[in-house]
Amino acid sequence: MKRVVCFGEIMVRFNPKGYLRFVQAVEFEASYAGGEANVAVSLANFGVNAAYVTKVPAHEIGQCAVNELRRFGVDTSGVLRGGERLGAYYVEKGASQRASKVIYDRSHSAIAEVKPGEFDWDTLLTGADWFHFTGITPALSDNCALVCREALEAAKRRGVRVSCDLNYRKKLWSREKAGEVMAGLMPLVEVCIANEEDAADVFGIRAEGTDIEKGELSREGYISVARQLTSRFGFKKVAITLRGSISASDNNWSGMLYDGGSTAVFAPSYAVRIVDRVGGGDSFGAALIYAQLEGWENQRAINFAVAASCLKHTVEHDFNLMSLAEVEALAGGNTSGRVQR
Amino acid sequence: MKRVVCFGEIMVRFNPKGYLRFVQAVEFEASYAGGEANVAVSLANFGVNAAYVTKVPAHEIGQCAVNELRRFGVDTSGVLRGGERLGAYYVEKGASQRASKVIYDRSHSAIAEVKPGEFDWDTLLTGADWFHFTGITPALSDNCALVCREALEAAKRRGVRVSCDLNYRKKLWSREKAGEVMAGLMPLVEVCIANEEDAADVFGIRAEGTDIEKGELSREGYISVARQLTSRFGFKKVAITLRGSISASDNNWSGMLYDGGSTAVFAPSYAVRIVDRVGGGDSFGAALIYAQLEGWENQRAINFAVAASCLKHTVEHDFNLMSLAEVEALAGGNTSGRVQR
Amino acid sequence: MKRVVCFGEIMVRFNPKGYLRFVQAVEFEASYAGGEANVAVSLANFGVNAAYVTKVPAHEIGQCAVNELRRFGVDTSGVLRGGERLGAYYVEKGASQRASKVIYDRSHSAIAEVKPGEFDWDTLLTGADWFHFTGITPALSDNCALVCREALEAAKRRGVRVSCDLNYRKKLWSREKAGEVMAGLMPLVEVCIANEEDAADVFGIRAEGTDIEKGELSREGYISVARQLTSRFGFKKVAITLRGSISASDNNWSGMLYDGGSTAVFAPSYAVRIVDRVGGGDSFGAALIYAQLEGWENQRAINFAVAASCLKHTVEHDFNLMSLAEVEALAGGNTSGRVQR
Amino acid sequence: MKRVVCFGEIMVRFNPKGYLRFVQAVEFEASYAGGEANVAVSLANFGVNAAYVTKVPAHEIGQCAVNELRRFGVDTSGVLRGGERLGAYYVEKGASQRASKVIYDRSHSAIAEVKPGEFDWDTLLTGADWFHFTGITPALSDNCALVCREALEAAKRRGVRVSCDLNYRKKLWSREKAGEVMAGLMPLVEVCIANEEDAADVFGIRAEGTDIEKGELSREGYISVARQLTSRFGFKKVAITLRGSISASDNNWSGMLYDGGSTAVFAPSYAVRIVDRVGGGDSFGAALIYAQLEGWENQRAINFAVAASCLKHTVEHDFNLMSLAEVEALAGGNTSGRVQR
Amino acid sequence: MKRVVCFGEIMVRFNPKGYLRFVQAVEFEASYAGGEANVAVSLANFGVNAAYVTKVPAHEIGQCAVNELRRFGVDTSGVLRGGERLGAYYVEKGASQRASKVIYDRSHSAIAEVKPGEFDWDTLLTGADWFHFTGITPALSDNCALVCREALEAAKRRGVRVSCDLNYRKKLWSREKAGEVMAGLMPLVEVCIANEEDAADVFGIRAEGTDIEKGELSREGYISVARQLTSRFGFKKVAITLRGSISASDNNWSGMLYDGGSTAVFAPSYAVRIVDRVGGGDSFGAALIYAQLEGWENQRAINFAVAASCLKHTVEHDFNLMSLAEVEALAGGNTSGRVQR
Amino acid sequence: MKRVVCFGEIMVRFNPKGYLRFVQAVEFEASYAGGEANVAVSLANFGVNAAYVTKVPAHEIGQCAVNELRRFGVDTSGVLRGGERLGAYYVEKGASQRASKVIYDRSHSAIAEVKPGEFDWDTLLTGADWFHFTGITPALSDNCALVCREALEAAKRRGVRVSCDLNYRKKLWSREKAGEVMAGLMPLVEVCIANEEDAADVFGIRAEGTDIEKGELSREGYISVARQLTSRFGFKKVAITLRGSISASDNNWSGMLYDGGSTAVFAPSYAVRIVDRVGGGDSFGAALIYAQLEGWENQRAINFAVAASCLKHTVEHDFNLMSLAEVEALAGGNTSGRVQR
């Protein structure tokens, strides 16, 4: 069984029930989420030996986050306890023309205040085949960026393959800061994952012919972006999710995978009725990593990753709770949603 | 008031709330359902004197099932008490490309372990105009198949008209066993109800030009199936539901009715946004029986049956809780869903 | 800050959760609503100094209604206490081909039994820029109609501008009675708001080429209706909502505004996935009033009003809990529903 | 199987969840209740053929009330449809020193506006062994009082035994009116049921030595009240519930039964931790009627009635959902509440 | 109507439903609370013109806190917007031998990071009769302590009477720091409110003969504490709550009031079945302030304050949602919790 | 870290919310439980390396059971997949004089149908310090009894200490069968755990002077039972829980531990307000095992075990979710339930 180590934050996520707005809520669903934690859980659901490295406060709410990871089989032996608070975020689900809203309450979290040297990366990465992080983690604090570097260097020393999802969050840092920090880390990354905006936001690399608000996608534009990323940072592969936002209820969803060649492979596009789209990109990343671990060729890999993340949009909360068999059924062409009984 | 006797199982149905997956559920909605029970309730909602014959354990959960039937006016005086357990089934609602899932936990139920002779069919059918069962009941156990035969023979003795919904369930029996048992019962049946797969599954009778996974329907194919069924078993009428599965959220829904002639009548097709599609076929059967009891001509009958079952897809849980007036309004062409106030 | 005074009923609204039918409900969501109360809350959410005038019983359920208004910043200092009961209404949410249902239980309410002279309109309208009521209030009782007249006359005396939403409710009064009473009040109204049926129901004024059940709309027909209303009653402006009911789940939604000229302005049409459409018309009225208070030109006004009411369809319960910024974003063309984070 | 006909109102009961106050509630549990309906359901749970006579509006909320009666096996064939509204009442559960609150919203209900002659009592009482009503029903309206008289006279004609629970409700009528109307009906009653206040409120008959607020009970005082009632109206038996209110959470509960002799029998007293005390008196009445139908001697009868109503205090909502076996176990002395498994 | 201004934090409070432990919760009830906010709401429920001064972030969760205050009629015109986060706290309700747990997540809140000069106290206190704060507010940050001083000095300038609840929170500051800061503020306070531990924790002043864990109380000890506080800081009155903790489910509850004389008045003690004890002390403070505003004599004042806070223990969440009439009924001796109907 | 292996069933547990009766429930809380699983989770919560051995069906509901164990840190690597169904049981919570009810639906479960040889006990017990089972597991089926023997013999081979909780369940087997089977297993057991009825039910060994229904306990009687058990089977220690059932809401709870000497140690008795008493005995067993692993002397051991199980009665569902620190605080004498903040 392959072992993947993911590193980042885990937060408590609060969302009103159903389509209630924040100002209507007298109770919130509480789940636990984080860009890299979402990847770890999805990989565990595929049968991978997934481990999560983070730091949570030594109180019950911190324990809840750990328990939720354990519940899905993620190895939490590398989780540190301490610090002041567990990050939180609030999500209000949109519908039709009303967009979803995210309010972060994650500053001063235990992981944001971690210091270099707290994690023993050589031990944590022993036996690991893959290391994954996203652009959110170095955005949490300067120290978090330093800890990412520690991890990447240990991964390099140990021959652990590395993926990074650019995941630009404008509420966490400026484009300038992001570009500078991420540019320093990218040379240690093998597989780069991004959505249609990240490359522009972080590195100023643009896909021609794309108007994100209108959801218009140009295949050539995306290949151009992937090629630029590759030539600048030496990635072996670049995977990009392609979202066509019709409304908060309906999206078209696809993705492409580029490996440095003259062209790229694109997955079929799915018309998705959205249950919960948060974590969609993370589920794409997890499935793409799975495909790399399995050594699948590019078309199979991107088809699997897009099918997995298509299905994530039908699952409440951040985690992608789809099994390998379920994703493969969809990737294999069964889109009818017929009841099995 | 016409009297219809239905015979089969009633189970407790557990489903997570909303679109939660099984592994996310810390509570389940509990309702009570069963192929023939669903028919009885729908008929009672149309104002028919509907009776349900089954056996449930002599404990509170068994009583819950009886209470739920009584709540909608079904006569439960023919329900036996005893046996070990009430069958259960779990439903996870699908969305978009994620299919709904059904997990049966119905073996060893009180009704599955009933023995021939436990029901006094001549008494139970006194005053009845119609008897209904489905292919699920003989699939429960060899004894259940024998009890079905007892009921059919009593119905024949008493001139009670009989309908059967083929309702093949691959988790309950093999195609071979189903074909053999059902072939023995069909000659006692007047009206046969089926979906687009049942005739092939049970009797190997196929509709040319239909690819169920893709939801493509051929009118001629269905007529061909109905004609073959009729010529083999002597049904007076064959009704078939036509489901076009676009996704777990959206289906096209229609049906046809064949009476042995050279052609058949088809209902208009509805594009349905699904709330809960379990029980859709049963609601079609109930409405079709209602139309037969009323002596409606075929086009009116199939239009009513398809309208009724279209509406069932918008109702949570298995029972079709639509009134006669509501179904007739839709069958009459009011599809706009405007608020009445 | 502009001040708007609204007058009418506030009721407790009971609806089953999600898509449950009335007969399935063992609990009801309780919110508080009323045509004019909905307008007041929406205006308060836009930052207007909105006041509500009504009468509620001097018990806790009456207090709940007041509290809900206060929660959104509505001034309730003009609410009288007394009378026998708080009106109630029950809503069952429709889906797909199943229409929503409304059951009124509002007769004998405190406000329906108010007597002329109970409200001191000159005080209540001090400092007000606008007065708003709907055709529901005079329909509650003859005395309510008299009190409306008191309010309109005081508004005239004090130079307060007046809007009325025709809002015909056939469960409250006959077309004849409505026409007679409303015709007496209209000359005191500056801005008339209506849906595609109201003008016909109340005044027998018809839009040619419109078949409401089929949701077909003719621009010329609506202009014709607005012109007739204007010439009969002397309105400065007539605003009409244009609803295309595809089903209970999907509507097309737009509106027009006419100011007595040779033509009218129409807003873009939105394809709406409905969360809750009750209160949609009220949210349109509130936004239209806001635009008048701001002195916006007609196209901007109708675009704003239609965007606001489009968004209302995505909010549970009657109140339109959208901020000015959110409405302006949609009116400005951002329809993609992308998450902001 | 004995048949008991009960007559009165059935209302929708709304209560906030748990111990929430009205002003905190955004949802209400909806159940269906009424003094005599509660008796009918309890008798059905004991296996009696119980029928309920009332009138409900011809809409879905009215149907919900009927469904809830049917669910527990009550015969609802005598329920009329029509009238304007279903009565409602709101209950806020108290705790410790905070008392429970009841807000009635029952005026103008269908049953309150029934007219003499609407019910065909001779048919409704065919086959009946017992007729039961309470002092609430004649309090609803003058017409209701007249209809009670119709029922009592028909009962007398047909030899049906009659019980009445005085059930004085000060929010429905004055003591004077109650005394006058009830005094006219009592001569037709065989068994009178009351709580410790009713005799004083309705007829000015007082139990010496009792201070209700303090919950002090004097056996001699109650016997004195029962003797006075008996001598004034000719009752065969008078049963009185004895409640010692320690707080809203804890009550002592007992009862006595007097049959005209020189003394009375008293049941053991139970210290009750209250789950829901509404309907406690009705459950006492139902059990007492059951004991009369069975011909039990007085001590057994009062012990059974007090045990039944003790258990009611542990059941949510008005209905006493205890089986005969469960009540007999407690009446037989098993008070330990040990789990059976 | 008297006007009271309260100053402090308002947080979102998260608690699992019922008696669930944190690690079992998948949803949290969300309410809004804070020591001084609780006082403001209770005063508003008594009919006082209560205003709340605080600072919340300019996002929807901050708005929720404001809305909840408005809902109960608190004047929120003095609430500033800005800062990073709304403080939060988590409560797990205890039962029997299991204690309740509180986890604070309030550091870095908008109010904790307020700076001197942000509030214009002279304007905020215009028209005020009373100013209230607690020892929690100066504990939030050094700046908060400075802002408290600003407020107290403005109150002194304007002749506004001042109360302070010592409310020591060991998770916020050390005893040493608390003692030093509070000692500097106390000379500006007229009425001091405390529980049985605060005086010892903050000022090292001890009640002889009291063992808090065992809940043993000595009247003389409390008088001694009050006398020491008075002589040290010059308070006009000292009020102390007396809690006897039998378990997390049952407490005895009383209080005393001392005015500098040779003795003190004590209220009756209540045996309370606890629904939610958080906010109990705040409800005592609010009622005591009310009594001072009304000029009630000491025995009436302490009886009212203890009755109010006794009732708070029966109300979910922090706010004391009891009316003046309800508190006066209990203070007047009605403890039986009988239903009023 | 010590390692404990527990073996038995894990079921889905369904209970209505709060105090609702089965017949009122439209939803059930779903948790996962089993006598030995409860022990494993409690040990994991104390920080022990606890493993659970069982068999569950290879479907999602089976996975839910595994996930719930993982969530609390239990090692589930020894769980087999297969078989037909996951056992279920229904619990209705009692209150006051109404007893809780348990309905088993566990026959034909995957573990009940396991065959000897399916588990590789030598591997499963590698590194284990302790093995625990209860009398429920051999009661499931003859094969389960054989598998218990396999496990016990492997434990003996490997020097793993063994405990058994007699846990007689009359719904699973007769006293005669239980006595015969258990007598064959007991010689391999070191520590025997029982409640006050088990020894009599299984082995006919009686405590003089105890009347379970009345909750009267005699210390001498219990010592006599423990002595008889010890002399018959050679246990090193016998631990007995002592429950005094006042009602379904209130119990007195204590326990004793006997080690073959002339006397025994008894823990203090706790008066418990019950939240959920199911699993109380299992939590006692887990804590007793913990004390043995730690080598605590008898008085400390029994005090800890009784404190742990006292606290379990305040936790919803079967698992005892109390930490070591929490139990030690209570065992150390802190019973006041004061809030910590």
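The chains carry the letters A, B, C, D, E and F, assigned in the order they are written, with residues numbered from 1 in each.
One rule holds in what follows: contacts are C-beta pairs under 8 Å (C-beta built on N, C-alpha and C of every residue); 3 or more make two chains touch, one makes a residue touch a chain.
None of the values given here were measured: they were computed from a predicted structure.
Legend: contact pairs of C-D compared by residue number with A-F, A-C or B-F; the interface matching in over half of them is B-F.
Where the sister copies chain E and chain F meet, the same residue numbers recur on both sides for under half of the interface positions. Taking C-E and B-F together, the pair of chains sharing more C-beta contacts is B-F. Per-chain Cα centroids separate chain B from chain E by 62 Å.
Between the CA-based centres of chain A and chain E the separation comes to 44 Å, rounded to the whole angstrom. Within chain C, contacts with two or more other chains are made by residues 18, 21, 23, 26, 67, 72, 101.
Chain C contributes residues 67-68, 70-73 to its touches with chain E in the complex. Chain B meets chain F in the complex at residues 14, 17, 21-23, 25-31, 59-61, 63-64, 67, 84-86, 88, 90, 92, 101, 103, 105, 107-108.
Chain D makes touch with chain F in their complex at residues 18, 72, 270, 272-275, 307, 310-311, 313-317, 321-322, 326, 330, 334-341.
Considering their complex, residues 18-21, 23-24, 94-102, 104, 169-171, 212-215, 245-250, 277-278 of chain C touch chain B.
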